[in-house]
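A, B and C are the chain letters, set down in written order, and residue numbers restart from 1 in every chain.
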Amino acid sequence: MDADSLWQDLQTIRETQPLVHNIANYVTMNFAANALLALGASPVMAHASGEVAAMVELADALVINIGTLDDPWLAAMEQAMQTARQLGKPIALDPVGAGATPYRTLAVRRLLSTAKPAVIRGNASEILAVAAEASHTRGVDSTQAPETAIAAAQRLCQMLGSTVAITGAVDYILQGDRLTTGKNGHPLMTKVTGMGCISTALIGAFLAIQPDAPLRAATHAVSLVGIAGEIAAENACGPGSLQSHFLDTLYAMTGDLIAQRLKLSELA
Amino acid sequence: MDADSLWQDLQTIRETQPLVHNIANYVTMNFAANALLALGASPVMAHASGEVAAMVELADALVINIGTLDDPWLAAMEQAMQTARQLGKPIALDPVGAGATPYRTLAVRRLLSTAKPAVIRGNASEILAVAAEASHTRGVDSTQAPETAIAAAQRLCQMLGSTVAITGAVDYILQGDRLTTGKNGHPLMTKVTGMGCISTALIGAFLAIQPDAPLRAATHAVSLVGIAGEIAAENACGPGSLQSHFLDTLYAMTGDLIAQRLKLSELA
Amino acid sequence: MDADSLWQDLQTIRETQPLVHNIANYVTMNFAANALLALGASPVMAHASGEVAAMVELADALVINIGTLDDPWLAAMEQAMQTARQLGKPIALDPVGAGATPYRTLAVRRLLSTAKPAVIRGNASEILAVAAEASHTRGVDSTQAPETAIAAAQRLCQMLGSTVAITGAVDYILQGDRLTTGKNGHPLMTKVTGMGCISTALIGAFLAIQPDAPLRAATHAVSLVGIAGEIAAENACGPGSLQSHFLDTLYAMTGDLIAQRLKLSELA
């Protein structure tokens, strides 16, 4: 994975406009739809029990984001993931706030027992919570160091076979024995709600065109969000203008910008 | 309908600030509320079964948008449309994604059997799906040519008596034997989620002040969105800034700008 | 309360990043989350009956906004307010549209009988509606003069012991016998949806760090929104750019700007 492969996949998305089905959260749904459009993909948001299966059938990838979940939405997420598993469609899972409440922990357990996501993306606390849950233990601490999150992510990879992306000041993307690190991004991005959700939504778009290469898809998506975010932040006056610059930058992204900016290394 | 009548109706909206009741979707609800405010209208979003009837009573027009519908929201939409029919309040219907899933097709069937919308607005695929459904047939193909959508829209006009607006690169607005075409707009508008929803929301505002002239209301709203969108796109760096420029442009719209820009012709 | 105390509390929020739990509305949830982030606080949105109590336990303050309420959300709001009362966490209540429909009036009655909010913030019509309801009378008129709203707010203060903020062209904040008035703000702010919701969300953040000083928290939050809004409006081309300028301005707020701008007076 390098600037060439990222640029190539971005061009494929722009040409094929894959349909990405999102069952996401109320807070960032608009931003996620606009980010997918700016990327070149086709977003669809649908959660009714009467149509999620049919929508997954139409879609090229499924993105599940538990940000504002409740029981009916959780049931829809399970139904969608079950359909995706049966049809072999790739799933990106965003376990927003995992570990914060027992309800979220249980929700993630139910989702992981329904279907194996191709990619799970979260911050360190969330990945720690998901990994602890997957091994049926308790006691997640969001203050633990990133190193601990890497170990947890590796455990998660081994147990589920999923690619795991830990995003933050440095991004770690793991699959099997492989570990890539990305260093794109800007601190101001943490002051805009949903930047993590956008990463997961874009992972869905990259999975749609590379369903058999989840490490590649996750690495490309996370890096692209970082590059667009840092360019946008450098031109923004604050978090309000960052959001609109981010969409403009993503839409206008070129191979040259990617080549100049990409900070990616494969550690293992 | 011309620049003068559009400017006149826009001024009336700014002066009277009609209350537009929206039962809309999670993705574009914020954008729709801001567009109605920028236009000069008063938006209200309310969907609880315990209050939709009372809210329709207060409102000057009802906008129904099925973007992220589910069973409870569909029931609320039916209840609201029934109340609007009884009170003679105009309804604008946006059949988002009609034809994509059987659930949406059935939902539109239920809504159309509840009350006749003054205006139905959708893209070609959606109008084809709604027309097919209204005649109890199947097999909608979103790849069919615009000409086919015009024929379907004419059939829909005849069956329901509604005005039908097909929006896209060219906009067609039909009522009875009349057909107007609008050529305002910009391709970048397709990269912002909800531009179609905004057209329907604004149709609601124009219906509120011209309840007996749905062709006029739909034509004015669709043209105004196109004019504001093309001016905004010319000044935008991408889809992110387009969204905020669109609201600024709509808010600052003048009769001169409308007169310079409007591309409208009545074909029949 | 003056520029110094406002600046001091803003710095405390930036340093301690209090967790503000919002059960809010679909229309302005994204804007509220971004405003809390721009302020320096940590927003969380969660409404599932299975987790609201656990989330209130984690949070430093609870914000309840009934903008797009329905029965399940109302139940979640009651559950959250009950937990907040038991744990002594401060509550800010935004009775959006109170008085518009009987459903909203009843909802506010139920919420007020569940727990006493530290602060209630609304426009004149809403405060009149809430005050009338609290005294079990009827007949709220949104066209009544601001003076009447002040009297109603004073009655509400006496009955509930809550601080009451009436926001509008002039802001009135009342507690017991005290009355402060704020004159910051700009008319263009009324053309952006959710500016009132943002005031209430920010009251939540100021309450989180001053739980025993609700008059101070409400006055600081309302003034800060007014200052950031008027600076943003002076630099905006319309309501679209106002929204993003507002977030940028809030994020970059300084003690000097507050000192130059603050228009606050204590009348009683």
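Basically, a residue touches a chain if its C-beta (ideal position, glycine included) is under 8 Å from a C-beta of that chain, and two chains touch if they have at least 3 such contacts.
The shown structure was predicted, so the numbers you read here are calculated from the model rather than taken from an experiment.
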Contact graph of the chains (line, ring, star, complete, other): complete
Turning chain A onto chain C by a C-alpha fit takes a rotation, in degrees to the nearest 5, of 120
Taking shared numbers over all numbers used, above half giving same and below half different, the chain A and chain B interface sides are different
Cα centroid separation, chain A vs chain B, in Å, comes to 33
Going by residue number, chain C touches two or more other chains at 26, 30, 243-244
Within the complex, chain B is touched by chain A residues 26, 29-30, 33-34, 37-38, 43-51, 54-55, 58, 72, 243-252
In the complex, chain A touches chain C at residues 25-28, 30-31, 67-71, 97, 100-104, 190-194, 236-241, 243-244
